[in-house]
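One chain, chain A, links the two complexes that follow: it is found with chain B in the first and with chain C in the second.
Up next is the complex of A and B:
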């Protein structure tokens, strides 16, 4: 098995997930199967140039052109403007802001 | 010495060598690129919009959305990397950096990890030192957190999130950890800021957060090659703050080390009002960002031609321009550095010199003093200043002896807001230097008659009194008397007494 219970616990902690001891064992098995399967894929040689290595298209003239702000207009499947949808889905909001429990220290992100 | 209390003791040079310790600084700079849209969606990249106005399902991290790379951002990053002397890699990879924070709706930031856009590079400083660049990579900015209600007002226990900044194209530039002093760290940032404006890669607006700096500092015994334990000061948003924070941090660490303690590896914040850095609440958990290649984006593969196109668009860079100014115009290094501080100012100076070639040094002085002061007073940009050719014409009148410096300042002020030529203004205001003896004699007679005390002093052997009398003539002539001729006439008249 490529993943042990210790690693599963660590991953769960980083992902802010609380899991039971029984689940730890189950997930260790399932995640190991996934990782092992990916290792198997690595052995496969498709013999052709990888899709990845295609030169990045650079001459997209309108690539940096803004489209109208989505927040003001309706979202795709609904007539409700995106900002309203987004604030409705949020646990809490204040005016146009998302309201969250206080965060002041930086845990290592870029802010 | 109480190191902790002395915030100015060692000054900008950092920890003095005679302490037996040396300073090692590394800087991590985040630069917002000047694009019209965000890095991975086509929301506008614009400062100052209404909160959460510039958002879409992609930058809000909605399930099922896909990022699409802004190619213009890549081009700007290539140009910046080349300006900094980096080697742009033909192949680089976007990676997910995973962490949870309210300003990051996806739960990961798209960044670059083991295959960044560019590596190596160096930036020459005016001091003659060089700062080497370790790497330069592309990523997206996070949203912005507010800890009080906009316009003031407390927000106990809560924070506000605005996602307008989320997804704005960022370049992260990391130096080698080898900068030796806070002064060099500050100078590096100032040169980097110039490069951003020269290349047009960023607006470099620090108040709006277009340029932000994290600084690492450690001390090690002089002669030691291994690095000591470092601390990181986050989110420094002015050149002065960077130097101040690093000066404080160097002295703090010196105090810890010389009193037998150990420096804790930690993140600290700088409080500008007190000049003090403070430990941020840090959990004992090492960061584990679980980087992996971004599966939703292809590898960035750059053709030689594409990189060359950016190389061809590079302007003359600040340090090259500065060296050329020094050599071609006979300026001192500091003068050359000041005049090449911005492309606009450098162009202004060169246009003025082109109009009055013999005046390259005098024009430099006028630009650095009179022009800059006037710009500051009027709160305007050099592009809105009096035309460089007109300034050159004023300086030419000084160089030819037609105008005194004082009179020339008056002509310049008048020429700024008028369409008359400086020549016409000098005539209209009667400011041309008078060398005509009849006129000078009349002023000299007046000065002698009205200042008996000074005359007596001069005749009594106090030669400085003559200067006072010359001053009176200058005053009476509103600066138009030619001082040397005036002095000559005074001396002759007083000798007759």
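Up next is the complex of A and C:
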């Protein structure tokens, strides 16, 4: 099946991506080729086997014992509480909380 | 002069014949000399590496035992965490991100006394087969600087091939260790799924991702795999299956071992003289005493399509976490949370990552789920069963690693499907969760390396390594890329 520009835009929105008009056209062509190629799978699917049934690996459960959060690494890092290490990576934080733009729309706003 | 092996370096450092500090310094000197043209490294960890090496030397001087990789300079792919160090996954969206903890495989590597010297380039989020999707750097193939090193672990393969380091870790989701290893003339091991911990590896497709070593010879790869393999309760898919000694039986040869070729792997589709390279590889295996048989795995033909549905579906879910709120790039000026998500992702991800997220979102979306994700999952299950049946008739299977040697930088960037098809022989292994090793099998007419892929049953990684070693002994390939000598 081919994917049109409209369809690509709709899926991109679902994935929280904005793409330019030029990219939309390029992607529509490229993704159509890829989906066409993928469509060959139709003739191989007898609907029988399932992924889960033939799983070779089995899940391993953690023993849930407490342990220090950060093991190896530079000494100064070990002395920083883990929360601070995570917050150091945050684009914005306030009083040890992540700071993000307004979540709920104001009346008359865009979202 | 051929550079020392990881095994040889570690032995010399343990015995006191060499110092770890000098060894690490020599690696940095070599990187300085060669990496200007190769472009494998994104960052060097000079001070920390020197400090770690000094610690190894002083432990030896105190008569304390050293690990199997004592003082071996090692490169890490840019998607593995080492506490306190930046990690970008080849992407702008992770600019400035510092790992708060160390990956399980890297912990084991360091516990074996290897010395991480820096991080190396990769396709953004490991999505690519040429390293050209990196947002950070261009890496070149040491055998011909106009050629791609392969991908996504292109930096790992190029650094090892150029003798900048004897050892690198890569990750493989659909061929990302094996294909660059083949393109660069080095050995690359994708272990059995679950053999090596994925804790601290940035996730691409969690049901397929696996960390493995790249080295200049099979013994070094076996040594490294032995060091990083083993259980890790922090990765629920990491197996508790005991790790065997990969080195001890590695010289035992493959006399009388049944080695299968796959009927549906059509050598007629190989590029250039890759078919001849594969034929010669089969002759070498026969000279090693292998009994060659033919098996059938009809669904291998579907693997690329199946892989790109499953891997990208998982990626679309895994990459949802990069939204500008907790780490990495945040777009400026967003007025709402939703706008911040969309703007940050749109600015931070490159075109291939966007393409794949869109493809994965499509395959999982209402109305298409069963026709794409559901179907691919069923076919992957059937393919895994076909591999299990094939391994009833042969201990090992062999294929070319890639349809041809390295391609030119820029040649396939505008044709994603053509890029995907270079994974035609590596994706089936990934879907089946079985181990696959790429070992050099000579040069093509352009003087570029070709790889032989050796596959084994789940957790028979050691058998594949033993065969790879026998093959290497028989063919005597030397990794000596002219442009970086």
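In the analysis below, the second predicted complex is superposed on the first by the 61 of 111 C-alpha atoms of A that agree within 3 Å, B and C clash if a C-alpha of one lies under 4 Å from a C-alpha of the other, contacts with A are read in each partner's own complex, and residues count from 1 in each chain.
Here, a residue touches a chain if its C-beta (ideal position, glycine included) is under 8 Å from a C-beta of that chain, and two chains touch if they have at least 3 such contacts.
It should be emphasised that the depicted structure is a prediction, and the values quoted were computed from it without experimental measurement.
Asker: Looking at the overlay, what does A:27 touch: chain B (first), chain C (second), both, or neither?
Answerer: second
Asker: Looking at chain A, which partner touches more of its residues: chain C or chain B?
Answerer: The partner that reaches more residues of chain A in the superposed model: C.
Asker: With both complexes superposed on chain A, which partner does A:66 reach: first (chain B), second (chain C), both or neither?
Answerer: Touch partner of A:66: chain B, not chain C.
Asker: Just chain B (first), just chain C (second), both, or neither: which does A:94 touch?
Answerer: First partner only.
Asker: Touching chain B and also chain C: which chain A residues?
Answerer: The answer is residues 14, 16, 51-54, 56-57, 60, 63, 69-72, 76, 82, 86, 98, 100-103, 105, 109-111 of chain A.
Asker: Mind pulling up the chain A residues that touch chain B in the complex?
Answerer: 10, 14, 16, 51-58, 60, 63-67, 69-72, 75-76, 82-83, 86-87, 94-111
Asker: Can you list the chain A residues touching chain C in their complex?
Answerer: Within the complex, chain A touches chain C at residues 3, 8, 11-12, 14-19, 23, 27, 30-31, 33-35, 37-38, 40-42, 44-54, 56-57, 59-63, 69-74, 76-77, 82, 85-86, 88-92, 98, 100-103, 105, 109-111.
Asker: Touching residues of chain C toward chain A in the complex: what are they?
Answerer: Against chain A, the touching part of chain C is residues 48, 82-84, 96-98, 100-102, 106-107, 110, 193-194, 231, 233-240, 299, 302, 304-306, 308-309, 316, 320, 323-330, 334-343, 345-346, 349, 351, 354-355, 357-359, 361-362, 365, 372, 375-382, 384-385, 388, 415-417, 420, 433, 458.
Asker: Any idea which chain B residues touch chain A in the complex?
Answerer: 30, 35-37, 42-44, 49-57, 60, 69-75, 91, 98-104, 109, 139, 141-147, 149, 155-163, 170, 234-235, 267, 280-283, 287-290, 298-303, 306
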